[in-house]
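Two complexes, one shared chain (subunit A), two partners (subunit B, subunit C).
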Partner chain A sequence: MSIKYMDEYRDSEISRKLVEKIGNLSRNAIRLMEVCGTHTVAIFRSGIRSVLPETITLLSGPGCPVCVTDQKEIDAFIELARTKDVIITTFGDLMRVPGTFSSLQQERADGRDIRVVYSTFDALEVAKKNPEKKVVFLGIGFETTAPTIAAAILAAVQREIENFLVISAHKLVPPALEALVATANVAIDGFILPGHVSVIIGLKAYQPFFEKHRIPSVVTGFEPTDILQAILILVEQVEKKYPRLENAYQRAVTFDGNAKAWNMMQEVFETVDAGWRGLGVIPQSGLKIRERFRAHDAARVFDIQVHGTQDPRGCACGEILTGLKTPPECPLYKTRCSPTDPVGPCMVSSEGTCAAYYRYHAD
Partner chain B sequence: MCLAIPSKITKIDNQMATIDVDGVQREVSLLLLADAQVGDYVIVHAGFAIQKVDEAAAKETLKLLREALSLMGRREGD
Partner chain C sequence: MMKIDKIVLDHGSGGKISHRLTADLMLPIFDNAILAQLNDGAIFDLAGMRLAFSTDSYTVDPIFFPGGNIGDLAINGTVNDIAMCGATPLYLSVGLIIEEGLPMSDLESILIEMGKAAKTAGVTVVTGDTKVVPRGAADRIFINTSGIGLIPEDVQIAGNQARPGDKIIISGSIADHGIVVLTQREGLTFDSAVVSDTAPLNHMVGRMLAGGKKVHVLRDPTRGGVGTALNEIALQSGVGLKIFEEKIPVKGPVAGMCELLGYDPLYLANEGKLLAFVSPEDAEAVLAAMRADKYGKEAVVIGEVVSDHAGQVFMQTRIGGTRIVDMLTGEQLPRIC
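After this line comes the complex of A and B, so read on.
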């Protein structure tokens, strides 16, 4: 069952007209970046890249949760999985991400207890059923996922499920935009801002960034019409040299965001500096579990030591996440690296840029 | 990670809602949503409803878009 008007968001006539209008308006060569893995996939799947005029280059930014997770964090997850009496619960995409020496999938094959769950509440159930073990959820993702983890920690406190823990490797989008703009050589003329991160943080969260840099920025949804509309707005802004921060996803995103979810996230987490793949350490771009929830914080409960962390050799994932390279520019792409045998996380996750290129043959 | 398509709430029991995803019933938590009701369309992320879809805004966006693209008059009576 779907909403009737949703079909109109996929209306090919609207899309065709939008493409036509973009073509008529676009004069200057511009580079637009989407900063959300779900947008990356939606753009490839709908074939938008192939119908846009040559003046427009679409880049995929650091929007795939698995991809931006620092190699040190991946290694820490693996180390945790090796800890006695620990059950790891995780979203599926993390399983095959290669750490420096192993992967979660490899660890599971070696007999560690690692379970893929659909939601944090499933992980909570695992904890309830296994009181003699410590059940650790691997917390990755952005502002959309962090509130679901906060909700699970609060529920664990309330229901006295003391053996439920989280290791928080969450990342925040606005600081990443700052870091991207500050990265030398990364020239971006406009941002397609994430839909569901914005549902939580609201349009207002981007205001400081926008006011500082005056780069055209549009929040949008995931239907072809949404994405094309955002591109049209960005092209208009660039051509008229009139940058704005706009919301093309009014049916879901408000100025203030989802206050309930946001407050829950603030109750459980505080911001900290965090390391990102490809972007390095970005100030105040990560979330740490607050002191009063320390019993549920795996980073405090366990002494996790990782040594010798190294990024996958030859993998250009970091440069791809910042728009400096595209997958075909990586020598390993399609030679040694493919979705069945991935070298780096950008090929593992279905939201990764390399996987999207591979799958939709966009080279 | 994001399920982009909104789903309809068919039942609410305490803080859990049953949603319909292409005919398949799924349970999602309502803990992150202030005022969900049966019949609402919601955006779901990893087992949680995170937002109600504003139907009026959805229609308004389409209307403005059609005007801007000179596509008025189509789909009257839809």
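After this line comes the complex of A and C, so read on.
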């Protein structure tokens, strides 16, 4: 486990120097988007926004797994939880997300068997211990979580745990970047690309996107110095009008990515068009469980019907996820919507932009 | 907005949602001035003496964890709540709710630790109660402890006493208990020797108050962590707080585990740490008193009380930025990616 170097990369001296360099270099007003929710939180927690020059605006992108999950999918999860003899296993972040009529938290209080797990393998154990029930794992997240879920399905096959199922609502990052740029509503001068996702997919996964649009793009890690380093590189590229795709997270990310994880993902999943909150349906941006593993695919095993799905009234999560709005521009922010009474998922998830603003941003 | 019409786990998290439950439901029903102070324990006069009275229930899972078990935790918790009122804890009650089937040896180990903890703290357990409930009606064992203590005459400590200029001191590294329990519960391996910090703090408080040093607020940041405790004090005292990230002691492995799981150490529980708000002229003396105690060796000043931003907590980050530190909303959850 990589614990020892945390402090090293937090080094305040290095950070302060980076901030100074950014300040000296930045002339033109630019808008940079951090695509990943973990980056959003790291940026707020370390107070990066408060030390950057006024020329630089940071926008948060569609990188919070819970937030981009389509409202229909949330409603389907809740419907599944109400199914007889089903145990739902999920990452905790989903519990509080309001669906159209209920939330998993509410359902649990109503007596449904919903368990928060820390990894898909915990979910597999739940399945093993409850052979008379069907144990469904709610598969959300990006290329980071998808391989672990693929691994769990493969393990279920191998260990003959037939009552372990997954409902796959996974999303892929590169198609989302494409969709973001295509909407053309948002002018983005540079992308801070996700670290964990890139560990799996490698720098090469962004190459087609980069070649097509030539927008400065840097993969980086989650320490304040990593993020500042990426911002410095982006400012440099923009100022010199020399866009490149760069890797500022070499201690973890390679050009080719993690082949083993990638292959496992390919074995279990195939890409499909998928609906995203805020971005609509994006071609080939989701993962579906392959026919071979149909017995473990909750979407095929259960006939889940959801009706009357509606996005939370007045919630601007969709626009926030695409950088069109910032949370204070949503009329509900801090009035009707707070982490205690979230209206939309962006206020629920710890990685959500609204929650990050609420928790860390001084107005 | 969906109305929550049932109790959910967040109601017990010690964060905002718990506070709302207290404020909206309990306060109006039990309506009285002592409860309304919302200190760690109640402070009141009785027969010419000033007393502190406190109660707490323990439901920790796992019941045995590195550094302690539910037994010493229950004793230390109430001892500390009383000590945070500036009182000398004296007598405790213990109520046990035991699930049918608990191994006798487990109960014995828990009680032995309780006995030891009481002895160390110098308190006497004078009354108790035991109930056994059918399997499934409780999770192995729940413990309630209540206690009373005597407040020395010249001591004036309460959550509403923080004043601009006060120094904010923490007695040692934060989040140890929280991270140990979380990782144990989830069966995550923790490749280091971090253990729960459960400890009685009353002797250290005695040293801190000796000689009339001007301590204004004491609080043990248990559930909800340092972040929540500071917010409570900022609100109760109507002042702003400024803390410095660099100054806040977090053990390396604890910081690493938090990073990995997406937890903020500021919101993880401590069971043997205290926050003290001290008049600036006495800050050095109080620090010295704390460092002379076994449980305060790493005591440091982490910030100060300011006159603006009433009710808010600000943090200067390592990189020189500023951000607010909000109260915990509900239970902290691990992140997904």
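Keep in mind that, in the parts below, the second predicted complex is superposed on the first by the 354 of 363 C-alpha atoms of A that agree within 3 Å, B and C clash if a C-alpha of one lies under 4 Å from a C-alpha of the other, contacts with A are read in each partner's own complex, and residues count from 1 in each chain.
In the analysis below, contacts are C-beta pairs under 8 Å (C-beta built on N, C-alpha and C of every residue); 3 or more make two chains touch, one makes a residue touch a chain.
The structure displayed is predicted, hence computed values, not measured ones.
Once the two structures are overlaid, the count of subunit A residues touched is higher for C than for its counterpart among subunit B and subunit C. When both complexes are overlaid on chain A, the residue A:145 reaches subunit B and subunit C alike. When both complexes are overlaid on chain A, the residue A:250 reaches subunit B alone and has no touch with subunit C. Of the two partner chains placed around the shared chain by superposition, subunit C is the only one that A:109 touches, whereas subunit B remains out of contact. Shared-chain residue A:261: touches subunit B; no touch with subunit C. Looking at the shared chain after the overlay, A:19 reaches subunit C, while subunit B stays out of its contact range.
When the two complexes are overlaid on their common chain A, residue A:359 makes contact with subunit C while staying clear of subunit B.
In the superposed pair of complexes, A:224 makes contact with subunit C only, with no contact to subunit B.
Overlap of the subunit B and subunit C contact sets on subunit A: residues 1-4, 6, 36-38, 65, 91, 93, 118, 122, 141, 144-145, 196, 222, 351. Within the complex formed with subunit A, the residues of subunit C that make contact are 1-2, 4, 6-10, 16-17, 20, 186-188, 191-192, 246, 252-253, 255-257, 259-262, 264, 312, 314-324, 326, 329-337. Of all residues in subunit A, those touching subunit C in their complex are 1-4, 6-7, 10, 12, 15-16, 19, 36-38, 41, 44-51, 65-66, 91-93, 95-96, 98, 102-103, 105-106, 108-110, 116, 118, 122, 140-142, 144-145, 196-197, 222, 224, 228, 336, 338-341, 343, 350-351, 358-362. Every residue of subunit A that touches subunit B in the complex is listed here, in rising order: 1-6, 8-9, 13-14, 17-18, 21, 36-38, 42, 65, 91, 93, 118-122, 141, 144-145, 147-148, 151, 155, 195-196, 199-200, 221-223, 225, 229, 248, 250-252, 258-261, 264, 351. Residues 1-2, 4-8, 20, 22-23, 29, 31-34, 41, 43, 45-48, 50-51, 53-55, 57-62, 65-66, 69-71, 74-75, 78 of subunit B are the ones that touch subunit A when the two sit in their complex.
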